[in-house]
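When the chains are written out, they are named A, B, C and D in that same order, and each has its own residue count from 1.
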Amino acid sequence: MSSVFGKLFTVSTWGESHGKAIGAVVDGCPSGLEISEEYIQVFLDRRRPGQSMLTTQRKESDKVKILSGVFEGKTTGTPISLIIENIDQHSADYEQIKNWYRPGHADEVYDSKYGFRDYRGGGRSSARETAARVAAGSIARKFLSEKCGTEFEALVCGEIQTAIEAARKNGDSIGGIINLTIKNPPKNLGEPIFDRTEALLAMAMLSIPATKGFEIGEGFNAAKMLGSEHNKLGENHAGGTYGGITSGEDIFCRIAFKPTPSISQIQKAKNKNGEIGEISIKGRHDPCVAVRAPVIVESMAALVLMDLWLRNLK
Amino acid sequence: MSSVFGKLFTVSTWGESHGKAIGAVVDGCPSGLEISEEYIQVFLDRRRPGQSMLTTQRKESDKVKILSGVFEGKTTGTPISLIIENIDQHSADYEQIKNWYRPGHADEVYDSKYGFRDYRGGGRSSARETAARVAAGSIARKFLSEKCGTEFEALVCGEIQTAIEAARKNGDSIGGIINLTIKNPPKNLGEPIFDRTEALLAMAMLSIPATKGFEIGEGFNAAKMLGSEHNKLGENHAGGTYGGITSGEDIFCRIAFKPTPSISQIQKAKNKNGEIGEISIKGRHDPCVAVRAPVIVESMAALVLMDLWLRNLK
Amino acid sequence: MSSVFGKLFTVSTWGESHGKAIGAVVDGCPSGLEISEEYIQVFLDRRRPGQSMLTTQRKESDKVKILSGVFEGKTTGTPISLIIENIDQHSADYEQIKNWYRPGHADEVYDSKYGFRDYRGGGRSSARETAARVAAGSIARKFLSEKCGTEFEALVCGEIQTAIEAARKNGDSIGGIINLTIKNPPKNLGEPIFDRTEALLAMAMLSIPATKGFEIGEGFNAAKMLGSEHNKLGENHAGGTYGGITSGEDIFCRIAFKPTPSISQIQKAKNKNGEIGEISIKGRHDPCVAVRAPVIVESMAALVLMDLWLRNLK
Amino acid sequence: MSSVFGKLFTVSTWGESHGKAIGAVVDGCPSGLEISEEYIQVFLDRRRPGQSMLTTQRKESDKVKILSGVFEGKTTGTPISLIIENIDQHSADYEQIKNWYRPGHADEVYDSKYGFRDYRGGGRSSARETAARVAAGSIARKFLSEKCGTEFEALVCGEIQTAIEAARKNGDSIGGIINLTIKNPPKNLGEPIFDRTEALLAMAMLSIPATKGFEIGEGFNAAKMLGSEHNKLGENHAGGTYGGITSGEDIFCRIAFKPTPSISQIQKAKNKNGEIGEISIKGRHDPCVAVRAPVIVESMAALVLMDLWLRNLK
């Protein structure tokens, strides 16, 4: 398993949804950046469930602690260890389906790959792991904001509240799209060939659970455009990168999320013996994962740009 | 610049479109695989321009030579050095626009980032670099085909010949979409969290010049689906991966390409002094980059799966 | 700062000697290995100070907790987070020398490199960080012992108790040499060229604080030997590797440690203003770092072989 | 096989001693550095055999060609591909011992690891591969010399010509020690914990064929010293690094080389069937590998410092 992201600004996340805690180790952060638990908490609170009817009613308190790397309120250049304890776990919800592979989940492939699985709440493949990314990403975005004036803004695309509410009432779920704007990104970021800015953004976004697509600039729409249209000076159809390198123009991306696989509706499922049965997934799940995802999207984008920023130092 | 791809099966590409040669070093290929220059050449010939009116009329002979890593017809486990000499270069075509930044190209950002640029044909950011990837990818696909029965098939989506022809006559260009199917992929590939199969495929695809979007399974369409639909057993809406791990089902992806930025139509452009002028790009360019791209898409997919296959050994 | 070790079996350590805790995240451990806090504790106890007059009288309880990656007593294949809380810290000991750079320590270069430093006890450069390595290494050695029958044994070279005792009484310190034997190592480990077994062992050993030299096989003595002697079949002058690859024969290494730089004798030191003064380092320090180092040496060797073992899977 | 060295300044070497060519791809070199084939050739000529009775009488012309990454005499920031064609190969010398494992060589472990081997001249494990490192290293040292005034000087330790001559006449070989001085190194290089300057130097040196030991500063002698002696301000017993970070003082290292394993004296050897026989190794071999090694040692040191220099940019 490879839970390390980044080349110079590296983030190692760890932890299962129903274990003792989750966390991240951030290595490579420059010294002298002011960071506090209160600052990081603001971003975790944006991701936290239970804030409206549109999200799960689980009460994850998600309180972050900084265990290392910060001295007298400032980063020292050493690894920053972030920890979030797990509380309010309903492991019992999972007991009755521990032998069933939840459809649309990684249960079956985990069993196949590792021969062994923490069946409670998805274990490592739980979206809860993204809290650690948000905590890590908050450090990157603070650095980029202070140093370069860069800001990250992700929004759920369209007015989908009604559709979400309908899905929830039906014991069902629905997908969604998130628009990401990176305002005032540093210019000259990105390495030609494999580590292009858009390639690393695509990887970062598709590493978020439930994502199925990524676009930059005109995205799939570009396929229908003429060169004479797409090229037009000053119109930023490319979405802020050329040949993988940022021009300093705003970066525009879109990310597609599939519907939450955990639904309470009865659905067909396989078990370890290959038998087909019917299950209903209890527990408290988001009817639309995209609703809580904007801060995750912003955080992953910040990690990408932070790493490229360090790699571009001259 | 980071021109190294992969963790265990690593590919380092090098070379500019108008330099002496381009090439790749493939490190980490298991020993004992039969490889010949003739075998690799078949894939390079698929990428080669000049094969129809729909592609550029440049005559790139693209003859590959194996300089190391193969002994008595088989890989030895040592680095495989592949070289393709550059011939039929019309460097003079670029002399007259050397001070202009071609719109939609990386010219301006390269100058900004490196302070220095080989202005002939895009230099390193030229699509010619992808020939080296195709050569490297052909080794990965042979291994996966023999060992696992995996096959890669990419096709341009839709009947776009008329639109391409119209664009070409206008001195313009057009975008396109490529559908990629990976048949019979090894199961259990992919590392949870950051190195998910779809994340690495997204990165690989967005590292191909002119790409603007990536989808797996239902892709952006998944955003409109209900969980009860998307989850359905046996319907493979996910596109062959769950939680980033391959299930053994076929993998389906789509990749969006923007229109070729090099067009002969007169268009507005900036120069080094920030002045706006008008240029017409001479040279022989593809009216639609997607036409020659399928073999590149297949090659990058093969590199991703080969690396994950080695990482999954137990 | 790069606190990540290994390519497939990666260890990220974090924590300062006088912060809240130290720890390690171990990523890439195969699933199904039995691991418990009690098992790991045995190795930490070997490293723990305060066990004899020959070591510091600090009482580091060094109790390890496993926060993730182990379910029902077995590794799940997910990252294993290990944490050791810091207690019994005498930060006040460092207040009076906070503006002085301790001779032979990293104080001055840390200030120069990071512009900022946790002056309590060496911060990140403290030997306390090695407790996290020992915890991580204990997992690697258990795997190698069970899977391959490999054992690691490091011993202080020579009868140096009298010299240590003399140094201690003088408020001074002394260096030492450790002999490492790896019994029954897996064969065929090591990657030719840069990642040779001995190159990675050398790196691992020289990454332990206070180390100044590394030898394998005959080491420096080989420089005086004839080829006809060194080559002799069955005599293992090489120390168990050829061209960087393990032959399966026992591996023999020696590691040199300098004397502990922290001594209570009055010595000359520089301060931040470049002035020279005299300081006496209070606190409880080992008169010979080599005494507690064998388990650290064994742990680092286990991390190297574990990573190479995973890389050698076919 | 992992033939990639470095994190930001990466060098991938390729090629066998008796294949068509050997070479290196250098990725990550800043743009604007003046580099020519003539400049690199000077260093290759220092490594070249056949210059005195003390070295092998093979005539390797070792002419380097730059295939990419340099435009109008300056690096462009893109990968620099270096190639050296193999000529004057006496493959026939190896035919008669192709089924015998030369003692002290990697022949047996290669066969065991890869199941397949280019038996001519050691193939990939041949010291000829180091020519590619020297070519790559010459670029790093030029950069460091111009930017930081750093110089690398390695010398064979002691007056060993008589011993070499005696060994040669006997059809035998002898080992040697090389002293490396890095004058005026950049300060603040090195990453605490695993990527310490001395750890990376140790790895780099032990990756050179036939090396068996590495020391920095007082090295093994430090084991016998007192803290009060070793600490002394202004005496640089540490050899230029503290806690893994360069202080700007000169760096002193020593590297031990074993005797050349290829000797013409009759010696016992094993073959593929495990039988013991007697062989005499024909061909033209150095009686002491250390004689031609200084430029290799300097080159590897330059690669380490160059990579750390890039990683230290702020």
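Here is the rule we go by: a contact is a pair of C-beta atoms (placed from the backbone, for glycine too) under 8 Å apart; a residue touches a chain by one contact, two chains touch by 3 or more.
These numbers come from a predicted model, not from an experiment.
S.K.: Let me spell it out: compute each chain's centre from its C-alpha atoms, then which one is farthest from chain B's centre?
M.R.: Of all the other chains, the one whose centre lies farthest from chain B is C.
S.K.: Could you let me know which interface, C-D or B-D, is made of more C-beta pairs in contact?
M.R.: C-D
S.K.: How many Å are there between the centre of chain B and the centre of chain D, using C-alpha atoms for each centre?
M.R.: One centre to the other, that is 36 Å.
S.K.: Could you please state the distance in Å, as a whole number, between where the Cα atoms of chain C are centred and where those of chain D are centred?
M.R.: Result: the chain centres lie 27 Å from each other.
S.K.: Could you list which residues of chain A touch at least two other chains?
M.R.: Within chain A, residues 1-4, 7, 13, 78, 113, 124, 192, 311 contact more than one other chain.
S.K.: Can you list the residues on chain D that touch chain C in the complex?
M.R.: 1-5, 7, 13, 103-106, 108-110, 112-113, 124-125, 129, 167, 172-177, 187-188, 191-196, 198-207, 209, 211-233, 237-239, 241-247, 254, 256-263, 265, 267-270, 276, 290, 311-312
S.K.: Which of the residues in chain B end up touching chain C in this complex?
M.R.: Of all residues in chain B, those touching chain C are 7-8, 30, 78, 192, 311, 313-314.
S.K.: Mind pulling up the chain A residues that touch chain C in the complex?
M.R.: 1-4, 10, 12-16, 19-23, 25, 27-28, 31-32, 65, 67-69, 71, 74, 76-81, 83, 113-118, 123-124
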